[in-house]
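Both complexes shown next keep chain A, but they swap its partner, so chain B is in the first and chain C is in the second.
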Partner chain A sequence: MSIDAIYSAFERAAEQPLESAKAWKQTHGTRVVGSFPMHFPGELAHAAGCLPVILQENHEPITVGHGMIYPFYCGFTRSVVDQACKGDYDFLDAIMFGDHCVQVLGAADVVRAKLPNTRVHFYQLISSMSDPWSLGRARETFLNLKEGLEEMIGHPIDEEATHASIRLFNKNRQLLRKLYDLRRAGDARITAKQMQILVKSSMVMDKAAHNDLLGRLLAEIEKTKAISQRGMRVYLSGHFCQSPKIGVLDMIEECGGIVVDDDLYHGQRYISTDVDETGDPLDALAKWYLERNLKVPCPTRVDQNADWENYLLDAMERSRADGMIVLMAKFCEPHMYYYPEIKEAFEKRGVPHLLIETEHELNSFEGLRTRVETFLEVVKRQSAARRIAA
Partner chain B sequence: MKNYVMGVDFGSTTTKTVILDLKGKMVAACVASKGSISAEGVQVSMDGALAEAGISRKEILRAVSTGYGRRMIDIADQSYTEITCHARGAVALFPQARLVIDIGGQDSKVIAVGGDGLVSQFAMNDRCAAGTGKFLEALARAVQVPLEEMGPMALAATEKLTISNMCATFAETEVISLLAEGQSKPSVLGAVHAAIASRTVGLVARVGMREPAVMTGGVAKNKAAVQFIEQALGAKLLLPPDPQIAGALGAALFALDEVTTPGAGVDEEDQADDTMLIARGCATKPCQKPKEVPLVGPMR
Partner chain C sequence: MNAIAQPLKKANRLKTSSLNNKMVNDYWTDVFNAKAEGKLVCWYEGVAINPLMQAADIRWVHGEAWSALLAARNNEQEAQTAAEHRGYMKELCSYARTHIGCGVLAQNRGVEASGSSFSDALGAGKLGERIPAPDMFISAYPYCSTGQQWDEMLFRLFGKKVPIFNISVPWVWGNKPDAIYLGGTEFNEAKQYMVKQLRACTKFIEEQTGKKYNWDSLGEIMSYTKTAGRLRMEAMELCNAKPAPASFFDWTTSLAPVNFIPGGPGIVEYFEKTKAEIVQRIADNEGGIPQEKYRLFWDGIMNWNKIGWLANKFANYDANMVAGRYTHMGFWHEHESIDLNDPLEGMAVNYLVCPINLSAPLMIEQIIKLCKHYEIDGMVLHAARTCRAFSNPQYLIADAVQKRLGLPVAMIEGDMVDESFYKDELVNSRIEAMLESIEARKRVGIAA
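Entry: the complex of A and B
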């Protein structure tokens, strides 16, 4: 299989997640469990013999959904509601919601109302991460989730099956992180679009099939010699529940940026942390939930020991990025509340960054292109001045 | 002999061309208005500038393009965004400037510039025409006043009215309601200009007010717009003799840097690039408009 063919296989799943899940269901006869991003432990649904699929914002204009949700909700929630209203989720056997932000709660209510015959399970995850009771409460929630899945399949989820799923998911994260390492070091040219496709497809494909494709991709990449690239090294930050539009990613790279790293949910945030492969699986998953917020801090969670702005400054240094582009989904409250702290820290440190607000309806990139190009021109001048001064 | 450099600003409604000699003296400037993204406008503007300078295209050593259509200009050796070029042009005209407010046909920008003439921060309206020349054009139509008369008329406003909608279409509805209420055209136009000013204040707030501030772009030729913005900001604005050509001038200055700085122009070797970039920030002397050359060309 050529590199192009491998990427095409990933792209099909990433771009048509529901179609690909439906096809999987038909050929394999498994149940499909849709989940909301960002903290759902897909391992449990997998151990229950289901295909876990993280629901995605799609590219369709929002139409009937407008009757159910206000236009000042983020694009992800509006799109999910619209898909539910259009019957796109009818084939799902269950939908699992977490309450990572207020807007998701609004979407959950509509989805529940629109899918009366679908098992809809709501789980409330503790958002305060460093209290003495945080671990216990997270475990309780995952136990509750496991019981919901068991009720659906009609039998208990086997502990060994859960361990096997954890190993499979860890392997997937490790393979993806390896690709990130190769890109960061300049040993592989993986565009921002390609990286997104790799991670997004992992959210919707069967993990074993995904691992198999990743293995082939790595083998092909190792055979090819990386070509040195010219351009400004860019770190991408932001976008939680929805993947940034491919057009925006391509535009950044067309303007002369090379995306070398990110903290996107459709990126590092999703693959940052592995789950302990030994001991009680629920303990391990609860620990994973708390730990991943320290690995890549999330503004929807509260943790005394995590601070996103310093994480970003360090991450930029690690990836030798020249500048950071923040992609903020319009009306994403957690991001909007946190951003001023990032702005202040970056300005204090003199690290250039550009804020881009994105929205579901964003289709013309011309104005954005001018801003990105100017930003890269500024970054280029500043880093040249720094290099010469040094 | 190739003794000249050219800057072309291919904007959304007009194209501006500036030609400099190798000492940085402006020998021609031409503004052509041929409608949206018009290749014909580019041709007219470049030909006008070449005719004014009395030279042929063969004598242009290097050309830099900017503006909305910057990537569509074949003769350009390099292109930079209008933000970078307007900052460069404005600082060349007013070396003391620390803020550039550029309001063009399609978008408006506020650019903070450092003492070295480099862009340090910027904000741009990138979604709609609120606070731009297009906004004024649409509302001039609603009031049924020729565009060039709306500024002088707005200065005669007697009532302080408000237009709260920033969307040109909704603002048009507001304008029509105000006229239907019997408000005078000057007062309604005063409100239109005040709306542009409040939008500009919002953009300035995103970057942070700095002084002295220069205003560039076509809207800077509208006295009422300048006056309302000055009032809203509580600061005097510096105005170039022809504010429309600042971007083309900036582009021409970048072209000049690239031919006068050793190592520049040998296509983007890293080291040459670095040297060139530093030079762009501070080496070029501010360009003075030659007295004998009119800043605005034949096609306006």
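Entry: the complex of A and C
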């Protein structure tokens, strides 16, 4: 398989996640369990013999959904409601979720109302991460989830199967992180679009199949020598439940930015942390849930031990990025809350950043081009000045 | 619709409401004097956990109450602008923005964020009053992640130096078939989880005060709260009389005593008087508006900038807003569940079934019950732009009352304390369209 062919396979799944899951269900006869982003683990559903799929914002205009959700909601929640109203989720055997961003909760109620014959189950993950009971509560939640899955499949989930799923998922994260390392070090040329489809496809594909493709990709990449690139090294931050539009990513690179790293959910956030492969799987998942927030802090959680702004400043240094572009989904409350902290910290440290608000309806990025160009110009001048000073 | 052409009619507001103002003023005066009197101050938002603080002789600043007060006195702008300057965007919860804006103002004034030297978080001379800085935060926000994060952002704004205690309130969703209002396996589990956290919260309070938690005092406070809660519910239930002697707008202005005013004889007396006024009005056949032609239900949070304006607007349409989700499905409405010997469980129950924490199917059943009890003709759904917690289930609610009760509905956009989201012409046309439909239904003889 050529590199292009491998990317095309990933892209098909990333761009048509429901179609790809449906096809998998037909050929493999497995149940498909949908979930909402961003913290819900797929390992248990996999161990239960299901295909876990993280539901995605799609590119369709929101039509029927308008009658069920107000326009002042983030694109992800509006799109999910729209898809549920259009019957796109009818093939799912269950939707199980645990995040409680207030907008997701609104969408969830509508989804349940539109899918009266589907199990739409909520296993609320504690979002306060540093309380004495956070770990215990997270474990209880995963236990409830396990029981919910067992009830659906009609038999207990085997512990060894859970370990195997954990290993498989870890492997997937490790392979993806390896690609991130290669890109960061300049040893592989992976565009922001390519990185997104690699991670996004992982959210919706069977993990073993995904690992197989990733293995092939890595083998191909290692064969070719990366050509060194010229341009400003850009760090991308933000965009949670929905993947940033490919057009924005392409535009940033067309303007001369080289995306070297990110904390996007359709990026590092999703793959940051592995689950312990030994011991009690529920203990391991609970630990993973809390650790993940320390690895890449999430503004939908409250955690006294995590500071997103400091994490970002450090990450910028690690990846030797010259500037950061913050992609904010319009109406995303957690992001709006936290942004001033980032702005303040970055301004204080003199690290340049640019905020771009994105919308489900936004399909032309030309209006943003000038802002990105100007930003990259500023970044260029600043980094030149820094070099001279050093 | 010719209502607009008629002479302006005004709402006939309950006289007892004016007593509320005094209690509210006294409460804020106590808050402003807290530091001078050597009292610790806790900032919190959301459900009424204030009895926990009161029992420990701590003074409390309720974020929403504070933001609403500023809005009601046209004093919200300065805080909102300060928040905007720091980068908080307009689409964020306006209560939070206003409250956080006060924190920003405090920081701007260069005063130490923590410790007793810090004493004014709001520019003196604006309200002519002062709000003390927090010595602690307690966060117990049901359903709304924005609420929990509001506390977190305040905690960060004050340099992570002021201790914070987080209570996680589970959403009453109902995975299991036994899920019913106030019951079922998950609800019972959620209740126990809440009790555990509330108990831990009293330990946190002990650490802050250095004193043993006063359970006797909590029991006593809760006895007043329970009685006030019962009297308020009884008074509201009497409003199924025709004409209804009071309106939703009266009940919103009567929330303070069951929300953040200290539990004591004052709140009981207040609702005794309110109830007596209701009884008297029923005897006199006196309505909450001059002429009651339509009986409406208000779904959604209140628009504090517009409260008097809206009360008169509906009065002018001969439409009595008889009940609402905000007022009738919260604020110690489940007073019966409070056991004075061990009040935590009953408190937990009230927090869990507050007006946003039920998932849509359970919430809709409660709303339908209310619509039937109050013989409602139509529903106004206030889509508060920056409170998605309240707006979330509104399409499902509208759909259910239309289908199951045949009620016409009007969805109107507004906000809690950000005036700019309210568009009067739009509101008028939606309301008029709904009243037209009610008329049409009446003409063809469909009883509500």
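Just so it is clear, the second predicted complex is superposed on the first by the 390 of 390 C-alpha atoms of A that agree within 3 Å, B and C clash if a C-alpha of one lies under 4 Å from a C-alpha of the other, contacts with A are read in each partner's own complex, and residues count from 1 in each chain.
Definition applied: a residue touches a chain if its C-beta (ideal position, glycine included) is under 8 Å from a C-beta of that chain, and two chains touch if they have at least 3 such contacts.
All of these numbers come straight from a predicted model, not from anything done at the bench.
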When chain B and chain C are modelled together on chain A, clash or fit: fit
Partner chain(s) touched by A:V110 [first = chain B, second = chain C, both, neither]: second
Touched partner set for A:E373, first chain B, second chain C, both or neither: first
First (chain B), second (chain C), both or neither touched by A:P37: neither
Touch count on chain A, higher of chain B and chain C: C
Once both complexes are placed on the shared chain, angle at chain A toward chain B and chain C, C-alpha, multiple of 10 degrees: 80
Contacts of A:R230 with chain B and chain C, given as first, second, both or neither: first
Contacts of A:G267 with chain B and chain C, given as first, second, both or neither: neither
Touching partner for A:G257 - first (chain B), second (chain C), both, neither: neither
Touched partner set for A:R381, first chain B, second chain C, both or neither: first
Minimum Cα separation, chain C to chain B, after superposition on A (Å): 7
Touching both chain C and chain B, counted on chain A across the two superposed complexes: none
Residues of chain C defined as touching chain A within the complex: 86-89, 91-93, 96, 139, 143-146, 148-153, 155-156, 160, 164, 166, 168, 170-171, 173, 175, 193, 196-197, 200, 359-361, 383, 385, 388-389, 391-396
Chain A to chain C touching residues, read off their complex: 67-70, 72-73, 100-103, 105-106, 109-110, 112-113, 121-124, 126-128, 131-133, 137, 144, 148, 299-300, 302, 304, 330-331, 333-334, 336-341, 343-344
In the complex with chain A, residue positions of chain B that touch it: 68, 80-84, 107, 118-120, 122, 124-127, 268, 270, 273-275, 277-278, 280-281
Complex interface listing, chain A residues touching chain B: 230, 366-368, 370-371, 373-374, 377-378, 380-382, 384-385, 387-388
